[in-house]
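Some structures are shown below for you to check.
Heads up, the next two complexes both have subunit A, just with different partners, subunit B and then subunit C.
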Partner chain A sequence: MQEAGSMPDTVRPKRPLKSWFDVRHRKVGTWAFALNRLTGIGLSLYLIIHLVILSLLLQGEQGWNDFVTLVKSPFFLTLDVILLFGFLFHGLNGVRVGLVGMGIGVDNQRTLFWVLMAVGIVLLLAGAWLIFTL
Partner chain B sequence: MMAEQQVQFKVLRYKQGQASPTFQTFNLTVNEDTTVLVALQDIRRDQDPTLILRHSCHHASCGTCGMKINGQEQLSCVVKALDLGTQTVMVEPLDNLPLISDLVVDMNGFYDRYTTPEMMYLRESEFLTEADLPEGIEKWLRFENCVECGCCVSACPIAGSDAEYLGPAALAAAWRVVAEPRESNPQEALEWVDNEHGCWRCHAAFECSEVCPSDVDPAGAIMSLRGELTRRKFRRLFGRR
Partner chain C sequence: MASITADQKTTKKVAGKDSAGAWWIVQAITGLLLILLLGLHMIAHHFVVEGGLRNFEEVIDYVSNPVIFVLEVLFLIVVTPHAMLGLQSIVMDLGPGESAARTITWVFRILTIVILAYGIWLAVALQNL
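Coming up: the complex of A and B.
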């Protein structure tokens, strides 16, 4: 398959990160695309950290209890809220991408995005309240 | 008397052999009817004849004057400089296509996407010997809204990272073949787009449809291709063709 040009662009070589994350002058779809990538990277990193932290269980009860005390601090609870945001955004935007990919709501994809984000905000606020009060 | 105003045009400049592009600022007096294209032509005529740009029809039909104006892909022939509402107008060539000089990018690869054998509209109409062509026309052209300006490819975040991606315009054209086969078999077009560099590469940013000056809605076409392929795969899965 040929490249999108008869010659490689040596003057402006492809810069994927700029292409994905430079959202200046772009509409909501590109913002959603960029944030989906960011949250995807964040969730992948979290999964690795989560597995590493679970290995603390191997150090016995005291090691785990010390860790639980640490993560109940407001700083770590705030990180939990950020994590919940990542889950909700990635998941709900994934629902939108899945639906439009099946031809559902293509003409109203912007509305679909905002409706799902409204659901996400409600869930995020409820989740944050639970994280800080339970 | 038409109101006139001084506007700065910050134009990307690049010539072959130059290490990297730079910006050059031109001051120009424009009126409320001055389009960005006319402003650039005025700059070329009165200030710098080495400024290179593409244009033809001046009324959004030919698609040759697509460029980034204040960061957004647009046809410069229909964008009025004063309507932008900025004292400085940034003018850059389209992204994701090889830069040749100043505001001109290499469109060959973009056009080549349309002339693959799978795009049967062009193939059949170009090579049908019995086709009765109107006087003065050498071959049939596709009849569709797309003006092949390249704005969609420039705005697409995936085209910026995957050089082999077919791109929104070609995929939209492929959907035309599928949606309106005109007694041809659209299977070839579907097979052409059914791969990791075809319609499945799109990540639904919808920016191509946002910037399209002809309301082609390439993103919608890509989603329609996916839907059609999914339906066909399911039918095959259950033994139906």
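Coming up: the complex of A and C.
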């Protein structure tokens, strides 16, 4: 659950695009808001790329197997880890946003955020290990 | 219920005259489903497969399973509106005029339909390989 952020208007950037990349004097809530959106944009683009890549299957065995060989290179495996980071951050921050949006944990959302991020780091490390060792 | 949040206001703007937060709830529900479906997708497609990806024969064999087909189509049906609504609300946050906002809404609706149609067509086509 991604897009919706639970930022009060006081922390929503007044000039979104410029503000997202201006790292000065930012609180964690604003970072979470911006990163949620950046990962959301990235994951949405990936969805489309993923569908296009799956179309390779329609071209037959050679095209797909060549692709599989290519993406097993360390460069693409590193991209996989970045992708996994996007999934985990977006999903876990989305859990916080969803809970807070429903009135759960509103007073403790900073703690909730860091607990979920700790879970995310563990899952990211485990996932990265699997990506590079499978 | 907590006081209305910034993104609830954004989604209200996206939804026009719809009730406040309606689209935010759609995002929340699809997001919750995505945690389950994406988790399953990642584990089944990547984390239990030697080398992280199946070769051609393995993929075709895997996706021909009716349960997998249903799960993947369901995943597509959930993830596409979630992604497009999310992108739409980001674009709306840039403050387009009323006319532009209407156009943007339609562009994302059409994109949603196109992606869904293509994805489902692809899933069916893979069944017939």
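Just so it is clear, the second predicted complex is superposed on the first by the 115 of 134 C-alpha atoms of A that agree within 3 Å, B and C clash if a C-alpha of one lies under 4 Å from a C-alpha of the other, contacts with A are read in each partner's own complex, and residues count from 1 in each chain.
The rule we apply is simple: contacts are C-beta pairs under 8 Å (C-beta built on N, C-alpha and C of every residue); 3 or more make two chains touch, one makes a residue touch a chain.
Here the structure is a predicted model, which means the values were calculated and not measured.
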{"item": "Touching partner for A:Gly101 - first (subunit B), second (subunit C), both, neither", "value": "both"}
{"item": "Subunit B versus subunit C as contact partner of A:Lys18, first or second or both or neither", "value": "first"}
{"item": "First, second, both or neither for A:Gly29, with subunit B first and subunit C second", "value": "first"}
{"item": "Touching partner for A:Asn65 - first (subunit B), second (subunit C), both, neither", "value": "second"}
{"item": "More subunit A residues in contact - subunit B or subunit C", "value": "C"}
{"item": "First, second, both or neither for A:Leu57, with subunit B first and subunit C second", "value": "second"}
{"item": "Touching both subunit B and subunit C, residues of subunit A", "value": "1-9, 11-12, 16, 97, 100-103, 106"}
{"item": "Complex interface listing, subunit A residues touching subunit B", "value": "1-9, 11-12, 14-16, 18-20, 24-27, 29-30, 32-34, 36, 96-97, 100-103, 106-107, 109-110"}
{"item": "Residues on subunit B engaged by subunit A in the complex (per definition of touch)", "value": "14, 18, 20-21, 70-72, 95-99, 105-106, 108-110, 112-113, 153, 155, 157-161, 163-167, 197, 203-207, 210, 219-220, 223-224, 226-227, 230"}
{"item": "Partner subunit A, residues of subunit C touching it in the complex", "value": "1-3, 5-9, 11, 24, 27-28, 30-32, 34-35, 38, 42, 46-47, 49-57, 59-60, 79-80, 82-87, 89-90, 93-94, 115, 118-119, 122, 125-126, 129"}
{"item": "Partner subunit C, residues of subunit A touching it in the complex", "value": "1-9, 11-12, 16-17, 37, 40-41, 43-44, 47-48, 51, 54-55, 57-58, 60-61, 64-65, 68, 71-72, 77, 80, 84, 87, 91, 94-95, 97-98, 100-103, 106, 127, 130-131, 134"}
